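Before anything else, here's the structure in question.
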Amino acid sequence: MKAAFSNVGLVSRRDSPEILDSVLAVRDCLVRQGVAVVFEDATARMLDGPTTQESPRAGLGDDCDLIIVVGGDGSLLGVGRDLAHAGVPILGINRGGLGFLADISPDQIDTRLPEVLAGEFSVEDHFLLDARVMRDGEAVGQSPALNDVVVHLGGMSRMMDFSLWVDGQFVYDQRSDGLIIASPTGSTAYSLSAGGPIMHPSLDAIVIVPMFPHTLTSRPLVVRGQSVIKVGIGETGAGDAQASCDSQVDFDLRAGDEVIIHKFKTPLRLIYPLGHSFFESCRSKLDWASRLGGRPPSV
Amino acid sequence: MKAAFSNVGLVSRRDSPEILDSVLAVRDCLVRQGVAVVFEDATARMLDGPTTQESPRAGLGDDCDLIIVVGGDGSLLGVGRDLAHAGVPILGINRGGLGFLADISPDQIDTRLPEVLAGEFSVEDHFLLDARVMRDGEAVGQSPALNDVVVHLGGMSRMMDFSLWVDGQFVYDQRSDGLIIASPTGSTAYSLSAGGPIMHPSLDAIVIVPMFPHTLTSRPLVVRGQSVIKVGIGETGAGDAQASCDSQVDFDLRAGDEVIIHKFKTPLRLIYPLGHSFFESCRSKLDWASRLGGRPPSV
Amino acid sequence: MKAAFSNVGLVSRRDSPEILDSVLAVRDCLVRQGVAVVFEDATARMLDGPTTQESPRAGLGDDCDLIIVVGGDGSLLGVGRDLAHAGVPILGINRGGLGFLADISPDQIDTRLPEVLAGEFSVEDHFLLDARVMRDGEAVGQSPALNDVVVHLGGMSRMMDFSLWVDGQFVYDQRSDGLIIASPTGSTAYSLSAGGPIMHPSLDAIVIVPMFPHTLTSRPLVVRGQSVIKVGIGETGAGDAQASCDSQVDFDLRAGDEVIIHKFKTPLRLIYPLGHSFFESCRSKLDWASRLGGRPPSV
Amino acid sequence: MKAAFSNVGLVSRRDSPEILDSVLAVRDCLVRQGVAVVFEDATARMLDGPTTQESPRAGLGDDCDLIIVVGGDGSLLGVGRDLAHAGVPILGINRGGLGFLADISPDQIDTRLPEVLAGEFSVEDHFLLDARVMRDGEAVGQSPALNDVVVHLGGMSRMMDFSLWVDGQFVYDQRSDGLIIASPTGSTAYSLSAGGPIMHPSLDAIVIVPMFPHTLTSRPLVVRGQSVIKVGIGETGAGDAQASCDSQVDFDLRAGDEVIIHKFKTPLRLIYPLGHSFFESCRSKLDWASRLGGRPPSV
């Protein structure tokens, strides 16, 4: 049987012996299936011996028809941002706990990975956001974000002023700690901590969540995925303000800057083993089984 | 100049002299513009003298190419449910406060209504939900809902058990006071009180909001507008459970019943004067200008 | 060694074989320690053979110097309300899961109960609320409540109007589904589902939590334990309104009624084995160990 | 008639002509009443001509039997922290909007201030918190706080780890943006934005509010005013962590530091004109009159 993928890129976090075990298990499994393995160069340095083939991360998109990321949702954020433009599908191996993005556990590598290679998988497109910082009519920073763009205070200030516009329409002026703009993928991450709703990954929508707003009536706002969101930075707190993509890429902001956020041109194409369920991830990760015990039936 | 509409239905709440003034002002304005007026029969009874033309509410959809509702968002809910299937556009006259649905104030009747009749208006489609109660394979109740379908306890019980399914996928079993399933239109109503997000009217999405869930990790969940939502009623509290459409149409529920909710076949087509802004309605109705005063700048 | 208690009342839920096992284990343990056992009469009927001594629940307060309740926090609510006035300490045996009130598990009966009888225990006073319904200057209903007094809609209505007063000072007029007034004990029950804070059992305070308020700025309000809270029932929804104590004792309300809530004259005196920690109960019951997984460290 | 106070200190923000008008109005009023005025030296520099008597802020506590602060709640925070130890009562003049602390408006100076001087006032003690940063057994920072002590990330990091202890009992380990520990006075400020309850000023309690916790079950926790709260700083994010008192005084934190918070030894003694009501301040500042409009009565 011919494998569904012939050149597979392999990227991993580099921080623990357990991760290394998973990387080796994935490599061995791929080799057994007759699939060519291309290591991200930084990942290759984790291994003692020589690797058949290496590539810088940026080149993996050209060389591979599947990229496997070992290390959980966090690693997938970075790879997703770096390689989303290439359109290569990505498969995540988690570190033991069910992830929203990385659905295969280390002990499932030998059973689920061959299934995926044999073509038994589902594809789920996750759109990214594109954040651009405009200053005097010029883009001074730009990055995709898979989870969220957070406009917030990075320093000592305790509040900032900004104005929010959606599709050219004024929404409000706000004084708060900042604003989280999240994709459906990011709706189960920082946005959820801040009171945002859970959005199904298939939803074409963006949520805007105020962070500790001075106005108690400010609530999470869900707009269409095609919307263009503009955050205009005011004077108060501007010196310490930042725009942060997935909490991993930061841009300093000044008063008068505009942060423009809209959908990124290409989605992240995620591969899941068959049977993947977003709601099962929710039940597992958000612990939907736990119940309050204090409100009992009558005696 | 020919009016954009030639036969206009007129429906009104029947509860105050001020409302009557607005009804007469609308009628006079329509007559001045050479438009034929068809009164809902119940509305006609508000007037002292004879009216040229009357129709039961159900017939207005056939006879008219525009229906004007006087009385605010609440009146629009009922007319919207009753006439959404007919596809006739609806224009709302509010009772003095800016509404999300009824955007023309009594004192704007003589200025804005002629503009609308002259073709200066925008159209906004608001989808309704369709709620069906299934028992032993049979539909025992059915109604559209413009704002929300609420599965809740109507009697003495203080909690109920149910299971939630979206598009055939199990979401969770829950013990709570109930569940609010809201359209974007309803997202600024009951759902908002219960912690749901604000959804832009143009968004093709449905929000599911748990009411006082025993599980602290249950959060509002936003799914696609095409989704089919199923709420299966469990034993606990079933005797007092109801499904309620817009808090205006109620169905009693029994253990084993399933409430099936999806998008209604035709949207409510709302007419707004030019310049209407959803966000302005939010700023006005949710008082987004108010600010907490207790967190001041330093001395 | 002389036991710390000589006459122990025994009360149990009557709903499962497991409960019966716990009741017998408690009885046998008490007999082994030379302590006289007085069964609540209803509990005695669970047993096949004759019991040495029985008493109606109301009489247990006179006959015993300790009352053991088998069955979890829910059973304790009822016994607490019924016997709080007697001042007899109460010890709870739960049904297997750690309770906020009942801290001894079935499998700990033979180890922890003798310790308690030997005087190794801590005492925690939990104050109850006293709810009185006033109509035309007369009390038409009255009950203590250990967890909460809930003024709410018991029927078909979807909102009610009421005014809130604390210590004679007007707080607000509100339109909502109702109001939860909870003791610290109740702060981890229904009140928590509605967004109320967790209050330490030793705190002398009462929390007032609005239920789905129309005003987004209404928030949980914590007042002193000595405060007198008055809820004046308005016209809207009054026919379906109720005051409910611990969701177990209900009073119908009419427009014009006033519900007066203040601290009950005697507290519930709870006995815990040594080492009891409220925060450990929180960690266990509220699952404070669970973490959101979606916000990861950088690659 | 003898005035209730004979030496009155006068402190003001220094940022606007309107403020200066209020300062002069207060001075003139005091002089008319035969009361000696002592200007804070920095405040004196606002005035063009010479002032009879000046003192550094720290000395006002010794020289005066009342201190008047012009400038709103924010100014009162600073003066309260600086002079709370002295036990001198403080009266606040706001900048036009009702304050929680400063209850006299500029246009009421000539009517309400003489009343206060004539002895017609109420006194409300507001306790402060005392925050101490311990490192290797030594206090490396210490400050009172009237509103709140916030342990938070001041820099680029997006989350921190810490452990919380109350009265020597372990509460939880948490990963979040930080923790707000607020007095009743601070419960209507930052804490409220973060979901904390409103606490009546007379309540002897402290609230602990998690900031965007990863654990969805973490909720505001209210403990007794006498409690000792300890926050132990973990490794993650420690380099950017700070303890901040009233968002005005900051201390850098390191991994291993402990922030100890308890009640400050002396309360801030606030003077209000007769008729002051905390709930009226809530209604005004939190806009409790506003109502959601989207949930209407039936047609």
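A, B, C and D label the chains in the order they appear, each numbered from 1.
As a working rule, contacts are C-beta pairs under 8 Å (C-beta built on N, C-alpha and C of every residue); 3 or more make two chains touch, one makes a residue touch a chain.
The shown structure was predicted, so the numbers you read here are calculated from the model rather than taken from an experiment.
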item: Self-contact between copies subunit B and subunit C, residue sets same or different by half; value: same
item: Of C-D and B-D, pair with higher C-beta contact tally; value: C-D
item: Interchain centroid distance [CA atoms averaged], subunit B/subunit D, Å; value: 44
item: Centre distance in Å when subunit B and subunit C are each reduced to the mean of their C-alpha atoms; value: 40
item: Length of the line joining the C-alpha centres of subunit C and subunit D, rounded to whole Å; value: 36
item: Per-residue overlap in subunit D, given as positions that touch at least 2 other chains; value: 158-159, 190, 192-193, 195, 214, 216-217, 219, 247, 286-287, 290, 292, 295, 297
item: Subunit B partner contacts - residues on subunit C that touch it in the complex; value: 150, 154-156, 158-159, 176-177, 190, 192-195, 211-214, 216-217, 242, 244, 247, 250, 286-287, 290
item: Subunit B residues touching subunit D - in the complex, by the definition given at the top; value: 13, 71-75, 77-79, 97, 99-100, 147, 186, 188-190, 192-193, 216-217, 219, 247-248, 285-287, 290, 292-299
item: Subunit A-facing residues of subunit B, complex; value: 158-159, 166, 169-172, 175, 187, 192, 195-200, 202-205, 207, 214-224, 227, 277-279, 282-283, 286-292, 295, 297
